[in-house]
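One chain, chain A, appears in both complexes that follow, with chain B as partner in the first and chain C in the second.
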Partner chain A sequence: METKTTKTFYLIPYYVWIALFVIAPIALIAYYSFFDLHGNFTLENYLNFFSSVYLKLTLSSFWYAFLITFFTLVIAYPTAYLLTKTKHKQLWLLLIIIPSWINLLLKTYAFIGIFGLYGPVNAFLNVFGIGEKQILFTDFSFVFVAVYIFIPFMILPIFNSLDKLNPSLIDASRDLGASSWTTFSKVILPLTINGVKAGIQAVFIPSLSLFMITRLIAGNKVITLGTAIEQQFLVTQNWGMGSTIAVFLIIFMVIIMIITGQRDKGATSNGNNK
Partner chain B sequence: MKEITRAAIAIVVVCIILFGVNNYLNQSSGNAGNDTLTIYNWGEYIDPDLITQFEEESGYRVVYETFDSNEAMMTKIEQGGTSYDIAVPSEYAIEKMKENDLLLEIDHSKIPNMSNIDPYFLDLAFDPKNKYSIPYFWGTVGIVFNPALLDGQSFESWDALWDPSLEGEVLLVDGAREIIGMGLNSLGYSLNSTDEKELLEATAKLKELTPNVKAIIGDEVTQLMINEEASVAVTFSGQAADMMWENEGLDYAVPEEGSNLWFDNMVIPKTAANVEGAHEFINFMLDAEVAAQNADYVGYSTPNTAAVALMDEEVTSDERFYPPEESRENLEVYKNLGLEMLGKYNELFLEFKMSSN
Partner chain C sequence: METTSKSAKFYLALVFIVLYTPIIYLIFYSFNSGGSMNSFESFTWEHYAAVFSDTRLIMILLNTVIVALLSALIATIIGVFGSIGIVFMRNKSLRRSILSLNNVLIVSPDVVIGASFLILFTAIGVKLGFASVLISHIAFSIPIVVLMVLPKLQEMNSTLIDAAADLGATKRDILTRVIIPFIKPGIFAGFFMALTYSLDDFAVTFFVTGNGFSTLSVEIYSMARTGITLTINALSGIVFIVTLLLVVGYYFVSQRGKNPVGMGVRK
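Coming up: the complex of A and B.
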């Protein structure tokens, strides 16, 4: 009996936190999305969202978020795998994580210099006779910088699940005659899929609403849902429309969480959640 | 458990010490809260030495914060939270702030230096009799370009930007009013147009510009033009002056079809906690020597006649930055078009941005 009351007692801060900082803001966003500029109740914001501008915006946000997540995964998985094989793996991991402590804005500004016409990348291209290329303000530079920024968030969960993988399972698979590809696709990948899913969540969802990099690195030629929300709140002062876009962003996030959700099957019990 | 308690106590102790040190530092710099003056201004829009000078002369401690758009500034003032004593909005924003009852009336008897201001900039339509605002700087929107990177184009007309030889070379300022206004001006329409047909026509014309657009950005434009990363940029006159100061090869032009003439003015928002100090600051900034020093530093055009007299003749006779009154006729001041129209402008601007890829 007593343990039960103390348990409820300890849960109070948690519930207060959730109510104040998770449920209340989302409820407020949903509430504001039903009002127009003059504070009248309306569904027009939702109709507006389905106009061509915002639909195109959503599609392009998804496309770039997909590209970013894809390249992050392609780089992060082998890296995480190699890390688990190194001698001082915690040190190597730390070296990868340290850059994520540096302010995001600072790193982004650095890339303006690096990718500039007179920056080191173009100097390098010049040496090989390729000549100067416009790198800054292109799709390429946008995806590159975003991937660079998100890589630690992908490596960490994958590293954790790979690190917990019992090596004797791999040995067993090899002993039983499986090729390295079969071992990877039938043993290693299924056992670490939860790490991959966690990584995808940590990268895809924030990529949908990136907004500062779109201006500094892509020169506003790439527009994401995040840019649109910022504009609606700060410039147009149309809180209703801004909230409506935010509501859709939340819906998309929930869908992604469900798709990449962790299902507890026996086979995945070695995943990072345990 | 023991370790957690210990850690918790350690954190609390560190917090208390930091709080104490912070308090001590604030006190030793002579501030007990009420004699601070909070200024809310555009980025790089004042000579920092002048803030120090004002602090020494008046005994107030200045807290200086910056914004990068009129809209962001208004939103923050509307929210309250920080008690800004001075803000520096543009003319159409002042109209809107007046409507929303966000401003305090200015007591002209406390600002004797107002006699330094050129009467041309006083008593304008957006604020009759300067009840709420005092001119700070003024300027135009135009094209800054690097002749060394171009082959002899001149920018007497906005249409020059559409020239195919400028592919991927044009930087645009990230502002809906400025860019849609440019589209309207290039077609010979008013940049305050609210006519649906004219706006759509302007947007369609802007979409044809997209192959030439390198980027649509904010203050970063300055650095990019100085470093010769691009050859042409649409920007504000003062930013152009900054760039030309750093890179002497650059030039600036205001196209003949017309452009925007803007005024930034000092106001005292409703949130002000130190109204007395705010008046003192406004008067200080209008002092001839102070205004001249500030204009030298910032690079925008000062409305202060007494300051102009003190400044370098070469600067003040430059018609690109101090256009004579006759040639200001083609220039238009932004009107407050209302939130609905602003939303429309922004949606069209968003459409333009999205087509630029």
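Coming up: the complex of A and C.
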């Protein structure tokens, strides 16, 4: 039984990591959500969450996340499709991914300049006589920057699923007289739906919890669940309320993962099928 | 057909232009002698000089790189041994639950990770600063390493290990001469991914950084909140070059990794 001991020995640091940094943090968040500012046990945080302020915040957070995911998907799907048709598709894909590796803060900072009152977009509008507009610190700028940041994360899974698609299926559909739209909606989309789901997962959940972009680009006008958590933890120092919001964010996350979960066992990459 | 391919090219070109404009815009104005990102006056290196003469900023850059390298290295070691352990697990349901636990930190919003780590460090009394940032980065990099290494391990034919054992290899030999060489590309990929995640992280670091210690992302955030400084543009120029080097490095490692899988085994 020497094998068994060596195997568990490999796993000790990994198990310690799971216990300390996966299980303990979630347990602590759940535990703290039952305490108020003075460390007394209370259910008030949960009651608070169901007050109109937090419900409104949650709804608007979901609305923005929906908008961001929708626009990202609408832009990313055709891009991914056209990428699979290019000659050096892996190279082009790499070029799409490179911007996602540039520091997030720098990309956001660039838009402070681009959307600024004297920035290039306003200069461009001026040429057409529209005049300077306040673009920064609006809903539009917030959604635009978020979409910009998430596009590569949506393209990647869709590209992978489109790339696996057998092209003869499309030829077959055409030969059988299907129009381009029918081919797309009946053949291509259903076969790549897992990529779309993975992309939605990769965009929607982070969109709910954005807080840096809301501060820098939306100028505190947009408050997401993430902003609220940051506010409670680092500004008001009300860890109890912050934890409560975090608990709900985790619950929403689990729900979204179940909805976008991939039932098709054969296509999962979790390695379960091996 | 001609028209569709033309509009397709136009669409792709548009996406690429939109993706790259902000980056080029930033770097372009890093050479502007005027103080703003609006009107280009004349070419200058002064903002780069400002970066390199600001010892505080250089310290922050060094901190960021040290945290990234150390966390990626430690996460790779823990992650590789973890994945070897997972692959040889006999109990299927245990393996499945370990894998789900592994993915928790990948799908969790970074605000939640940051907030929960902040509670954790305060609860067990780790002082916020270098240690807390390093530990957090190791913690969120481990699952990424596991995800990169596991597929390689699953590709490996278990008869290889049996053969090595039959030929008299010790446990240690099997690990260092058979398993590690075979999964090397996965290990490198995991290390690079951990490195980029660490360099790019803002939210988690922002929560656990405390007062005295700062990384590049956190520093840029506090600089950007006060407005436009072309020093940030110069920083972005430097970051862009470093990122490109990393991408090229990663590309070569992963390309090379494709062929020598066989070679690594042949030894």
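By definition in this document, the second predicted complex is superposed on the first by the 246 of 274 C-alpha atoms of A that agree within 3 Å, B and C clash if a C-alpha of one lies under 4 Å from a C-alpha of the other, contacts with A are read in each partner's own complex, and residues count from 1 in each chain.
By our rule, a contact is a pair of C-beta atoms (placed from the backbone, for glycine too) under 8 Å apart; a residue touches a chain by one contact, two chains touch by 3 or more.
Remember, it's a predicted structure, so these values are computed and weren't measured experimentally.
Look at chain A after the overlay: chain B and chain C clash there. Touch criterion not met for A:67: it reaches neither chain B nor chain C.
By the touch criterion defined above, A:253 lies against chain C but remains apart from chain B after alignment on the C-alpha atoms of chain A. Once the two complexes are laid over each other on the shared chain, residue contacts for A:215 go to chain B and to chain C alike. In the superposition on chain A, contact is made by A:223 with chain B only, not with chain C. Counting the residues of chain A that each partner touches, chain B and chain C differ, and the larger count belongs to C. Using the contact criterion defined above for the overlaid structures, shared-chain residue A:233 touches chain B and also reaches chain C.
After overlaying the two complexes on the shared chain, residue contacts for A:178 are found with neither chain B nor chain C.
Contact with chain B, but none with chain C, is seen for A:53 once the two complexes are overlaid on the shared chain.
Judged by the touch definition given at the top, the superposed model places A:169 against neither chain B nor chain C.
By the touch criterion defined above, A:125 lies against neither chain B nor chain C after alignment on the C-alpha atoms of chain A.
Among the options 145-153, 181-189 or 253-261, the segment of chain C that ends up inside chain B in the superposed model is 181-189. Comparing the two interfaces of chain A, the one with chain B and the one with chain C have residues 112, 116, 118, 215-216, 233-234 in common. Interface residues of chain B, counted against chain A in their complex, comprise 69, 71-72, 74-75, 168, 171, 174, 176, 213-218, 220, 223-224, 227-229, 339-340, 342-343, 346-347, 350-351, 353-354, 356-357. For chain A in complex with chain B, the touching residues are 37, 53, 56-57, 60, 112, 116-118, 134, 136-137, 139, 215-216, 218-223, 228, 231, 233-238, 241.
Every residue of chain C that touches chain A in the complex is listed here, in rising order: 8, 11-12, 15-16, 18-23, 25-26, 29, 36-38, 77-79, 81-82, 84-86, 88-89, 96, 98-99, 101-102, 104-105, 107-113, 115-120, 123, 139, 142, 150-151, 154, 171, 196, 199-200, 202-203, 206-207, 216-217, 220-221, 224-225, 228, 232, 235-236, 239-240, 243-244, 246-247, 251. Residue ranges on chain A touching chain C, taken from their complex, read 2-3, 6-8, 10-11, 13-14, 17-18, 20-26, 28-29, 32, 75, 78-79, 82-83, 85-86, 92, 94-96, 98-99, 101-114, 116, 118-120, 123, 148, 151-152, 201, 205-206, 208-209, 211-212, 215-216, 225-226, 229-230, 233-234, 239, 242-243, 246, 249-250, 253, 257, 269-272, 274.
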